[in-house]
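There are two complexes below, and they share chain A, which is joined by chain B in the first and by chain C in the second.
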Partner chain A sequence: MGATEKSRAVGRNVPRKEGLDKVTGAAKYVDDLTFPGMLHGRTIRSTIAAGEIENIHLGFARKGFTIADCRDVPGRNVVALIELDQPCLAERRVRHFAEPILLLAHEDRERLLEAESLVAIDYREETPIYDPEKSDHCFKEIRIEKGDLARGFAEADVVVEGEYRVGLQEQLYIEPNGVIAVPENGGITVYGSLQCPYYVHRALRVLLGLSDDKVRVVQTETGGGFGGKEEYPSMIAGHAAILAWKSRRPVKLVYDRVEDMVATTKRHPGVIRHSTGVTRDGTLTAIKIDVLLDGGAYMTLSPVVLSRGVIHATGPYRCDHVRIQGRVVATNTPPNGAFRGFGAPQTQFAAEVHMERIAETLGIDSVRLREKNAFRPGDTTSTGQKLGRDTSALRVLREAVSRSDFRAKRRAYRGTNRGIGLALFFHGSGFTGGGEVKLASKASLELTETGARILVASTEIGQGTRTMHAQIVADTLGIPYDAVEVAAADTARVPDSGPTVASRTCMVVGKILERCAQEMRRELGGRSAQDYLAERGSLVVTKEYSGPDGLYWDDETYRGDAYGAFGWGCDVIEVERDPETWQIRPTRVTAVCEIGKAIHPVLARGQIEGGTAQAVGYALLEEVAMRDGRMANAQLTNYLVPTTLDTPEIDVTILENPYEHGPFGAKGVGEMPIDGPAPAIVNAIRSLGVDVRSIPATPERILEAPSLSASR
Partner chain B sequence: MMRLPKFRYYSPRTIADAVAIRSDAGPEGAYVAGGTDLYPNMKRRQQTPKVVVGLSRISELSRIGEQNGRLVLGAGLLLSNVENDPRVRAEYPGLAHAVSEISTPPLRNMGTIGGNLLLDTRCNYYDQNYEWRKAIDFCMKTDRQQICWVAPGSPKCLAVQSADTVPVLIAMGARAVLSSGREEREVAVEDLYRNDGIDYLRKRPEELLTEVVLPAANGWRASYRKLRRRGAFDFPVLSVGAAVWREDGKVTSARLVLGGVASAPVRLSAAEAVLAGRPLDKESIEAAAAAAAGPSRPMDNTDFSFLWRKEMTAKFVRSALADLV
Partner chain C sequence: MRTAVSRLELLQPRSVREALRMLRDEGPLVPLAGCTDVYVGLNFGTLSAKRFIDLWPLDEMRAIRSTGGVLSIGALATYTELIRSPLVARRLPILAAAAREIGGVQIQNRGTLGGNVANGSPAGDSLPVLAVAEAMLVLSSAAETRRVPFNSFFSGYRKSVLRLDEIIAAIEVPRVDGRQWFRKVGTRAAQAISKVVLAGIRSDRPRIALGSVAPTVIRLPKTEGALASGAPIEEARRVLEGEIRPIDDLRSTAEYRRRVSANLLERFWRDTAG
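Then we have the complex of A and B:
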């Protein structure tokens, strides 16, 4: 073996591993699968937000139906995640609208729907809490303290304060949540649309009281996740498994769009307050930030969302004196959870709009202000992490400013209906703090007659996992890309590589694979795969995560190295205001991202374009209308995401500043692109003279917002 | 998944057969053209006809041609056919524009002009799936015993007229031909509608809309403006159809019609009167726009706050008229 320059895969736009199957329709999604004797499942959900269940009446003949409630759970009735607070099926207490209470299964979908309409549940209602500021239950509180805040404020000439609000956002993957549970070999196998097979595996073991080997989870081709299939599949898989367990038959449970939107997790809404001390010339001397996130009724992943949120809350800026206090609290809405960015888009929205307001207050150029304070190599973050050579905040800022001709346009647009705004941001790759060490992810590589097979639990959910992993392995082994296969993410076959989240699949799992491939290459010692297999029978190399030396994290004090590496980004967004309706149309985005190394430039660009489009929705359109704790616009006709006509032209520039511990220098790219566009758009609206501080910035909101001269 | 309920489907080849089947089916029956309105409604169980009479095989309904200087559009013409027809584009640009603003290209390749005229009224509390509506105990439009969630004291449903072509067709003075088999009648498009969200059409259920007739295109021009949040997909939540007849630089008559603010299109007679006898200029347009705001009384049952929609009315009337200067 031995790679020639020409056959190298990394850095080239090789065909996606599953691309042909997807474009020809051969790819099988969960709803395409069927099993002999399969039943269809249906979830009966609460129609109140808080209270107790008093009575359940089943007004239909039960023959042919499998009916299950909390008493049918063989193990523990919980969705096992961080805290075991969420029942898989409500017992007496109901804490949010659409909470699952009862499960039905039947061969005939129509009969199922009829039966559902004949179920009546009596409740004793209680007063729900929807306002997080009024919640008396805190899931998690985090405090970050750096330097001496009082001293920092004493050094300031000016203190700028502000409150920023962000709304709920739906992930809106194109394929709704769905699974099939099949009872087999005294255990259960679940096929499903999901991001994290081993999360589901653990949840099912706890729920069904089964041993490791009796539970198998297989990811089917998945039509997007964006975090929405990080924790929720453990719930729906649990429901299908309970029904399958009871009926001894395969059970398919696939949500339609409405159920998916009404019942599953969303991005945490929040209120973020800043108080910043700054000198006249624009040096940040003190930063005090208060983050409040609404977690909804159960904990799910809220503590970790908060954690990433607070760590990113200063934005990519240096300051010696920082205090960040974060809380995520309970309310009576469906639980909020993982969504691309995971807390960072919320807090960096606040940070970057606040930065703009500091510049406005001081009357200085906001690019200068950012340049002055942006992280440089050797600076320390709020947690005291010393930043390495791959710190590119200034580089992305300067590149975006010059590529977009920001300064000239800002001058030219003054007094017109056009605006331009900027946001600088960063995003940590991989699990926060000691997360990766705790996860101890594994990856395996198996030698085949023709090359190698990747065995990882990382899932392909549209972002290109299989392709990117195969590129890394191919080049490390020095074999052609086509000679690398990727096994299905099936817990019976692949080791636990950790969840497919947190921009970790390339940087962390890709790195473990690189190490597997290096060892395999050494082991082969120049022999061909055939020769080796003829001689030795088989070769499987398994490696476990091992972090770079010297990474340190203290979870008690929130001090240390929060992430192995950060990606860096800067967005410049131009907007046009309709002079009549005040509707804001973004016309052009200049997105500059530094991601270490683009293993597959087209896929990396796709992440940036997709994340940007999703963030345009977050900034301008997407509003979850909550009425009495229930989503009132749970359809694509009224939950409005950007169409192509609402998505601006996106000029993507990828910069590479290799991270020494990433595979081929790569860092994460999946989440970062969603951090910047919302503040850049709001800053562009501010350049039109409107003091907007919350999103979505709908025309109604813009009209209500004071004009800038008045509020300054 | 949301699935269609079971129904029997007929696809007659003649108007007479279609009307006969539809009449026999009585209240259990429905016509379907492109199905882009009816089928989603059936999936949501808003309508559950047992007999569906498909119109797509009736070739007579897809004709387009001239008749005494008027342009006759078969009701079964696809929206994309109307939008791209050279005569419509050249002589009725206001209508072509209104059609191009409907939803998306795929929808316009399915939906028909006839279906658009007869589009069901819409409401945030009604255009929801069955479970959602059941959770709020439905409303008057599903079950006449229930209240209206938008205006609990209202004796009638206030669901909103939402078809894009209607305001501009009314402004132009277009007419509709209805057939009940042996008999045929022609009515002004304006007279097709009733301001009642449930009973929104003044036509007998079995009457088939066969043609939309556009008046000869001289001496007047028409325009259309639509408010929606996105560049595509969304129904109008405020719209203005305008047509102005002029002689010697003066407006001889004008028609202004609001869509999306009531269960029927709303004629702005006061604003129309303001224009008569004056040149169409900045001043007369301002005056007409000012007179338009009053009659616009949207309810809180579509996208955008109703105050916003009301606020936008004068501006939209102004721009619709400015398009005609």
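Then we have the complex of A and C:
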């Protein structure tokens, strides 16, 4: 697109590609689909947290049932991800409550419920480990070293220490996990609610021992993911496939809410310890951080979650002497996994509450402390990444402080039941370190009679993938938005664009599409699509990820450029405390996010509002009650997320400081908004004089928390 | 595990008389009103019953009227109907206040007052209101209609004097004098089960009832006595803290419930002063 040509779609709130289907109910989710001869599946799970299976009794007549266990796996009995440590069906050992052991299928969904109640499993129980501090199995350890920590502490006037705790969080997509496996053409096709078709594709190849072309994965319209459909679908798809393979019939496996909450992954809980050297005037001289995450019983994506967690652990602050040690360990609880933010909400919660405590200790203004230490262009992060011109920490901070009238309100609220708190944060877009190079994602663009068709494995999970990609392609080709179609994310049709995670779908995959469109435009050379197709027959342009020159990463030493770009955010949150009940009600959020370029402002705003609401739940309400290794409140009656009435007014400001290698300057936006609200809320509670250092900050915890004057 | 609903049996009487006959001759049957509690039980497989009788269409049991100074509320009256009723607004505004805080709009449209009582959860939000209002329950069977004071209806955690062949036909509320007060404390602003719920009436005979702090909704005779005798509020708080036996559960802690109950008592007393 020429510089003089006005952008027609990018930056505008065009209608969503699938919007009409969704609001009219025409969109088909996996549970809306049926296939001739289809069976329903059900998973029988362990009722203990650790031990060995001794005996399985089936107390029902087997006629009409397909029954499968680990011996029915045609290939390798694993959920292939980073490590092959997790069996798809337990063999002898059971390592967590709700671990899948046996699969049943029947034509009548309800017969399965009766049958399940008649299955009895004998175990030899072992002593489970629930406390990560006591775990003897570490999945991954990461150490980041910058400068000379001892020297940094020597330069300090004061050392501030603190321990911060974060709990589990459930993704709580509206549509639970679900798939249908169909045996066809000597292979298997899986339709499902999922984020990463090629993750499932690989897992099925390994599990069934099939070649590439015998496995096909098709994403159905998906009712939310938040990371909860990043790795887990490989498990449930495996189960449906095993049953379909054995019965030679299509098998549908859709969880209800209880099963989904009890069995699937959640956000890693953690303990984060800070020890910070600082001079009297508030200059950070040394930062030492220890991060411990509870990974649950199997590795899943824990090492990568830890990686993003430790890289973001300092918060957006410069310091010459840093040591960060991170560990993610095994416990006998259901595996934790991907969840929007991926480790960064945990560590930045600690960083920002700690920052507030440093200001309290020094008796200086916490905004000034942040201003003094916030990253500027040219500063280096803990991994030694030199930050570019698109570094906006100070800008978002100042904008949020002035828009919210932070200082005046903080003064005015003193001594009342109103509080105000702030958090400054950042979030790397795309895979960490060399991840994008390793992924080598591909995207294709196909010329059609009326325009172009996008072929990517990136999934629409409510966030607007199809719309945003089509906007980028439309403007790059110089054709109307409506002339761009988006093909279904079907591995038989689309190339592997990598997973739909890590705030990478716009910045990374969108960029590859932009390059496809640029080449298509050159190739067309001014001819119309019809003319070109009449002349040449067809045109498909495929491009592979190619990173900006000079990006460097060393996975051994954890040095280098952790991310292509960072988004920057600042939240100011006002709260009210109920004097009778200690309830904290957030009343207003001022969210300022710098995201490079808002391709679709309404969708970008939606990400910020949604992430903020989800983080309000993380901060105040959402508590997974683990009792003996099982989630005791696996129902929406007792696991409470914010309703509309619990969600404060959110004043969103989007700033744009373009990233030169992003499409139209865009960076990631999906995850970042969930990093800030929890520390901002806890800092607001601190402004009320309550020393809270763990979340969720329930009224019960606030009642027990020491008051600030006492604890200082 | 979810109950297999296709295996359940549902009887559909066309009148209250027919319903009572069915309960006598074809029981045991579990009555269904708005089904908002029953469905949750089926969903989690915690309900062992297989046979049900549908009361919902029996409009005779829905009326809200005033007869001879008594406010009579049909057991099938929904929360929405309670909220909209001018009679309830005039006579027992705290019942409308409780109704407004129950569930969300969908639950208010289906959930019934009779269902809240019969379900017998100690967290039922209407129950403290009925306790301080000293309501009477009209219990009907094919054989008889009897009136039982609400305050002697529950005999233990989710246990009551309701017989298997009986239904709650109506709830009768006598004249209530004095200032009424209600406060629900849930974990979030809507769709939350109470952690503590208090209803109070301020008159020369102060009445206080609390939900979620004991196996059933309870009146607090000692605390009421302290207030009646003009004891200072600090003293009444202490009496209350000794009078309730809250527990730790998934929703809250005993300590929190105790402290919040005392705070609510004080707030009630201050709000209704003068």
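Structural remarks
The rule is short, and it goes like this: the second predicted complex is superposed on the first by the 705 of 712 C-alpha atoms of A that agree within 3 Å, B and C clash if a C-alpha of one lies under 4 Å from a C-alpha of the other, contacts with A are read in each partner's own complex, and residues count from 1 in each chain.
Here is the rule we go by: a contact is a pair of C-beta atoms (placed from the backbone, for glycine too) under 8 Å apart; a residue touches a chain by one contact, two chains touch by 3 or more.
Fair warning: this is a prediction, and the values are worked out from it, not measured in the lab.
In the model built by aligning both structures on chain A, chain B clashes with chain C. Applying the stated contact rule after C-alpha superposition, one finds that A:554 touches neither chain B nor chain C. By the touch criterion stated above, A:114 is placed in contact with chain C alone, chain B being left untouched. Shared-chain residue A:640: touches chain B and chain C both.
By the touch criterion defined above, A:660 lies against neither chain B nor chain C after alignment on the C-alpha atoms of chain A. By the touch criterion stated above, A:630 is placed in contact with chain B alone, chain C being left untouched.
In the superposed model, A:47 lies in contact with chain B only, and not with chain C.
When the two structures are aligned on the shared chain, A:580 is found in touch with chain B and with chain C. When the shared chain is aligned, chain B comes close enough to touch A:262, but chain C does not. Overlap of the chain B and chain C interfaces on chain A comprises residues 110, 113, 116-117, 256, 258, 580-581, 583, 621, 632-633, 635, 637-638, 640, 642-646, 698-700, 703.
Within the complex formed with chain B, the chain A residues making contact are 31, 47, 109-110, 113, 116-117, 254, 256-259, 262, 580-581, 583, 621, 630, 632-635, 637-638, 640, 642-646, 698-700, 703. Residue ranges of chain A in contact with chain C, taken from their complex: 110-111, 113-114, 116-117, 256, 258, 579-583, 585, 621, 625, 632-633, 635, 637-638, 640, 642-646, 698-700, 703-704.
Listed in rising order, the residues of chain B touching chain A in the complex are 1-3, 6, 104, 124, 127-132, 134-135, 227, 229-235, 303-305, 308, 311-312, 315-316, 319.
The part of chain C that touches chain A in the complex is made up of residues 1-7, 40, 43-45, 104, 183, 185, 187-193, 250-253, 255-256, 259-260, 263-264, 266-267.
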